[in-house]
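Read from first to last, the chains carry the letters A, B, C, D, E and F; within each, the first residue is number 1.
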Amino acid sequence: MSNLNQTFLKEFDQEKIALVGFACDENSSYIRGAAAAPPMIREALFGEASNLWSEHGIDLGHTDTFFDAGDFHFNSPQEALSGIETAVSNLLQHEVPVISLGGDHSITFPIIRAFQKKYPELTILQLDAHPDLYYNFKENPLSNASPFARIMEHQLASRLIQIGIRTMNGHQQQQADRYNVTVIEMKDFQGPTNLNLKTPLYISFDIDVLDPAFAPGVSHHEPGGMSTRQALDIIHALDGANIVGADIVEFNPRRDPTGITAMTAAKILKELSAKIIETKS
Amino acid sequence: MSNLNQTFLKEFDQEKIALVGFACDENSSYIRGAAAAPPMIREALFGEASNLWSEHGIDLGHTDTFFDAGDFHFNSPQEALSGIETAVSNLLQHEVPVISLGGDHSITFPIIRAFQKKYPELTILQLDAHPDLYYNFKENPLSNASPFARIMEHQLASRLIQIGIRTMNGHQQQQADRYNVTVIEMKDFQGPTNLNLKTPLYISFDIDVLDPAFAPGVSHHEPGGMSTRQALDIIHALDGANIVGADIVEFNPRRDPTGITAMTAAKILKELSAKIIETKS
Amino acid sequence: MSNLNQTFLKEFDQEKIALVGFACDENSSYIRGAAAAPPMIREALFGEASNLWSEHGIDLGHTDTFFDAGDFHFNSPQEALSGIETAVSNLLQHEVPVISLGGDHSITFPIIRAFQKKYPELTILQLDAHPDLYYNFKENPLSNASPFARIMEHQLASRLIQIGIRTMNGHQQQQADRYNVTVIEMKDFQGPTNLNLKTPLYISFDIDVLDPAFAPGVSHHEPGGMSTRQALDIIHALDGANIVGADIVEFNPRRDPTGITAMTAAKILKELSAKIIETKS
Amino acid sequence: MSNLNQTFLKEFDQEKIALVGFACDENSSYIRGAAAAPPMIREALFGEASNLWSEHGIDLGHTDTFFDAGDFHFNSPQEALSGIETAVSNLLQHEVPVISLGGDHSITFPIIRAFQKKYPELTILQLDAHPDLYYNFKENPLSNASPFARIMEHQLASRLIQIGIRTMNGHQQQQADRYNVTVIEMKDFQGPTNLNLKTPLYISFDIDVLDPAFAPGVSHHEPGGMSTRQALDIIHALDGANIVGADIVEFNPRRDPTGITAMTAAKILKELSAKIIETKS
Amino acid sequence: MSNLNQTFLKEFDQEKIALVGFACDENSSYIRGAAAAPPMIREALFGEASNLWSEHGIDLGHTDTFFDAGDFHFNSPQEALSGIETAVSNLLQHEVPVISLGGDHSITFPIIRAFQKKYPELTILQLDAHPDLYYNFKENPLSNASPFARIMEHQLASRLIQIGIRTMNGHQQQQADRYNVTVIEMKDFQGPTNLNLKTPLYISFDIDVLDPAFAPGVSHHEPGGMSTRQALDIIHALDGANIVGADIVEFNPRRDPTGITAMTAAKILKELSAKIIETKS
Amino acid sequence: MSNLNQTFLKEFDQEKIALVGFACDENSSYIRGAAAAPPMIREALFGEASNLWSEHGIDLGHTDTFFDAGDFHFNSPQEALSGIETAVSNLLQHEVPVISLGGDHSITFPIIRAFQKKYPELTILQLDAHPDLYYNFKENPLSNASPFARIMEHQLASRLIQIGIRTMNGHQQQQADRYNVTVIEMKDFQGPTNLNLKTPLYISFDIDVLDPAFAPGVSHHEPGGMSTRQALDIIHALDGANIVGADIVEFNPRRDPTGITAMTAAKILKELSAKIIETKS
């Protein structure tokens, strides 16, 4: 694991949200590149081209909004597995929601291991083109095709709701049935509905839930997806929820020649953060 | 016409759908490039980045799904005109639906000539930004602006329904009136409706029916088009139809820097094929 | 100001719409490039890849449709301020609607100064991702973040309606309240509604009202925007309005690698022009 | 011809070089787009990303360096033919070198008609991938494949030297022989040599003389071309020459997604202008 | 193997060069896409944007120049191995040089198996960034990292000369030593020299021998490569050689957004073909 | 400054080279984006598409080659100024060469402050399109246009040699004269020569020394630059030098749609690292 000299440690100081990047893509089943996403998202959100007010009037531009723990690199998938869990656990000790920037979707398994210890009754809302429920894909049980298989078989979440799926196959349908996953496929999606998400809620936002027109910068282009506005509507509709954490994963800067995916990931981060603050206050 | 040595002939063996590519773009009225589409679509569908299950649970990944007749090149528009008709006629002898990958839209005229001999009462459902009903465009009556003028004046189809049109002009409106074409312009499009498509149905899918946001890789960018999801909804709604053939045309790989149009054409091919199998079984 | 020799002056000859380009982007608060837009839009509309019939059957391909006054360059923001106003005033003397092609949004302030003299009771319909109501942004009160602050504080318009906004912040909300601006934010947008736009109407169309998926070629990517079809629906719904002028601004050709934004700006220009002609006749 | 109101005429005031743009590409034999080049080149040279010192220490950032006559649009090839000649003739009356920005290469014929009247013994140095000596190409004798056939058959130049050619065919070789053209093909090019260019010299710089790696933004990609440094070496070596005019043509912004061709055209303009000033003083 | 109906067989008729495409990329060790190359190269060479005269005055635009055998698709690496060998063997029976368009570099092994039967004393000139001499790479001995290991260990060539290499490592250096390969690394390359290539000569041209600036459209970007002009110089210098065959491989259209790699591959094909004709006559 | 929890500190363990990233671009005078470079360079070098052998046979793929200190983010230019100096000073305590990945060129000033304390007689070899010697640019004395003005006026280096410069102006020439800078402008560059670089040597590699054809992914496109091969030749020629540190700066991933600049930066890092190891052993 790469790291920085302890001389530079900044103290956590009552910020409302912890932010952390995991520069991991070694578990990507198809092409790599997502490891470079975190600094691109940060720059899109905090750089000169953006403002920090959400669409519902929350101003994130205060010094006490984000505690940014920086980006983690790891030398192996094994190191990543334990390192991500430890990093998230440490941040959760500050009693703040933790938003993780991927990296590929494989990071969600160790993240949820950390969350489960603090929140044994976790509900996960996954926005994604793919179920990511493979028992084993290309001989890598830790790949980005399997995190929710791992999470559900270890009973790390009480309930899993998937929205935006459009690549369900026979095996993954079996897995969804086995683990009682609520799946709202894209072909049936009609906009946000009352999902009654009252328990501690974790949101796993895979950028490829969006149609490639809106987010070309992903490793897997799966046409027929959501518009960015539809995704924002879902976030805005989470009114009564107690959101304790989130991740934004699978943005791949290598496939984003015009930069619109970076801006879109930053917008999702902004609106998610605002919704977290709104529901806390 | 280019071809392969007869040594390599594979026998048709009870596959459910015949697939064939026509690498033609000499009749393109504006820019060329569509000739290179078939191998890009094949790779997007059958390559490593895809799975072969449709959104309604049909698995196309069986060896008896597709008989792939390969790609045809021609040395002149005249050779193409007869060669395409012959190739499709030969494939139709196997009593399977034939899906053709273009190439530009000019290929649909010789394709329908072949279909008409087998199916004298054909209904054509055309998804397209343009009516393609010009009597004569730039002195080329065989150009990709005129296939449906040729088809209708030769009475090769009983009925033509166009969806997604957004470039109707005076001359083409006259042609549409003359041939009693049902035109659902994009400005009036409200989603799939009961079109009562009971006779043998042929689907001609011009990729430019989609908005250029979803499919930049076309020769003519015509903004204001359908989303990919809207196009999929139309395909999924073809429940009672007897689909006997289809084409997917006008994908131009030269204008597809991020590759999303290739994936979108492949998705259309997958869902169309699944719908064909679903309605046959 | 750059200009051409008076030898080449073409006389205004009863054309129905005056067209003029302002190649200005020195007031862009973020990145430049919009100055190169006018010839790209012209070529997209009048070039070989387009036809000149609108979606509602108006044929713009007559010699008496457009009086094209060419493109203006200026040597300084001050020169632009007076030069744009003079140019538009001169064109308005011909008693025709004037459509201006930007350039960045800063051109709208001097344009409206010219319009106000002729139309003291002007209503402005602004389609935009941003309110552009900053009192002062980066120490430049003439920047493209402030034109509507200038317009409203000088009482150059009776009413301002904004559609598509998705970056409202505290300061701009105060400005909107102060000047009684009607704001339909994107999060609340439900399609065209009866806005009762009866007075002389000016339309300011900022291309970034569209989602970056539909229009990547803008200086500010603000995800969550309108589809091109939704924007066209608004234009088509302006039935009783007396449209006296319009601008199409902020197209930045440097960020449009596939050319779809140029085509989209040209489509907006075509449909706006057709609607003007339709409502005049 | 489009133009501007005479109110805005700026007087010529002892500037050293006249600059003018011709937004023409209707004579392009393959694809269009070059008409949009002039504002892109201007912005690349005079915009924020550039400085105005040449590599040999000439500072072009003085107000008396350029008289910019703006950009001309024309409504037909015929109008362009006479309009370009008139515009250049007018500028030449000020006794300054005139640099024209294309547009496609067809503009060089009317430009040289204007020059020939003032300079009957003109030498032309053409940097180009193509000889552009077709007697007639695609039935358009005014196309961008033929300007030097027209120039030489009308004896508008005493001598024509071509450097960088790599598409010579039989017909064009005959034409080159007939008109005694000195051709240095790219396969034989060894860098600048003593060409003894003493008479009044005109330089016609077709951007496609550069390899597409250095200048992807051209209508015809012809691999195997010059590096930008080799082109600059030729310009820098023109020490004793009396340069009376130049054009920079065939930059096509539609094919320049990263913007490097615009910057390269601007660099050529800068170094050419500096060399003109250097040889005059 | 995909193929065409025997109805369409064209007879070989004294053409001078046989051309065939192998749409294979399943053996690519990194990313796929090269399978779509053959139609892109054909269109770049024979399409409207090109002429068919070589730089040394050979006109390839005669009907008796190329016998085009079309493109072959295969259903598995095993089928490809035998299918490619058979196809090339059949073409070689016509006593003409055979030029194969890849596909990835794995196709060269079965191609050379066919050549070796006809030419037991073959010299191979390989232009490449990589030695492709891995004994076994990622558990696939038939991958595109190993064809020359297979060729040399089966003694299918008498001599192998590699030019342009810039990724030699310890293992591959051992392999090069074992098989007595002449390696001219890019760091030592000084232009074409007398390589004394008198025996029957086969040229294997991997597009990635060029620097990615000249050929971005390859699966492996290896900076520090040749310019296109340097590669052309090598081809032009093959004066006394008896060239009996060639391949052009590893062009990947997915990574070629501006299309310059397609044009460059076409140029290599043109100049190689002209050199073959030149040395035969 | 962002940082990581001290729990994750890895001990320095006799690695030969220290690597550190500085995600800074707030001092960029034109456009931002360079902050996202470090993870892109790391992935290009250590990812699946690369091997770790240098062109001269040094294998960097050993665990004791690099100590990677990760990437640093800062909250303000002031924090960056002290943070970078501290980070580099700490790494230099391990008595290894330190290679820093930018970020923009402003990072070199604080880096050299750290080096100067350890190496009072430092020679700097700067490869760059720009002198970066502005006394003050756009009112920011710490901008990326001024680092070498700061370095020389504080006498942090004994000697500065610049290669590849092609934007020298009057002011910067004065600065170069004042500080006795050796400038080899690109127009005079003839390849590596004996520069007699015997004292401790620091190499500052600005990616824009390369022509934009080879490295489009930089904030400032300055045509007429070096080829990648020429840059590699310079590195390879540093035979007797004692290289104690280096930086690679100004790679801007936002402008690198095909990814070739990332690969080129990685290649420079690889060859520089190998040369360091080679000269140490």
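Simple rule for what comes next: a residue touches a chain if its C-beta (ideal position, glycine included) is under 8 Å from a C-beta of that chain, and two chains touch if they have at least 3 such contacts.
Computed from a predicted structure; not experimentally measured.
Chains making contact with chain A as well as with chain C: B. Shared contact partners of chain A and chain E, listed by label: B, F. Chain copies chain A and chain F are related through a rotation whose angle, from the C-alpha fit, is 180° to the nearest 5. Under half of the residue numbers at the interface between copies chain D and chain F are found on both sides, making the touching surfaces mostly different. Chain centres computed from CA atoms place C at the largest separation from chain E. With centres defined as mean CA coordinates, chain D is found 45 Å away from chain B. Remark: chain B and chain C have CA centroids separated by 38 Å (rounded to whole angstrom).
Each chain gets a centre from the mean of its Cα atoms; for chain B and chain F, those two points are 54 Å apart. Shared contact sites, meaning residues of chain F that touch two or more other chains, fall at 31, 48, 211, 213-214, 227, 257, 259. Under the touch rule stated earlier, the contacting chain pairs are A-B, A-C, A-F, B-C, B-E, C-D, D-E, D-F, E-F. Of all residues in chain A, those touching chain C in their complex are 48-49, 51, 53, 55-57, 59, 211, 213-214, 227-229, 232-233, 236, 257-260, 263-264, 267.
Residue ranges on chain A touching chain B, taken from their complex, read 30, 166-170, 173, 185-187, 211-214, 216, 220-225, 227, 255, 257. Against chain C, the residues of chain D that register as touching in their complex are 1-10, 23, 25, 32-33, 35-36, 38-40, 42-43, 47-48, 68-73, 83, 86-87, 90, 253-254, 257, 259.
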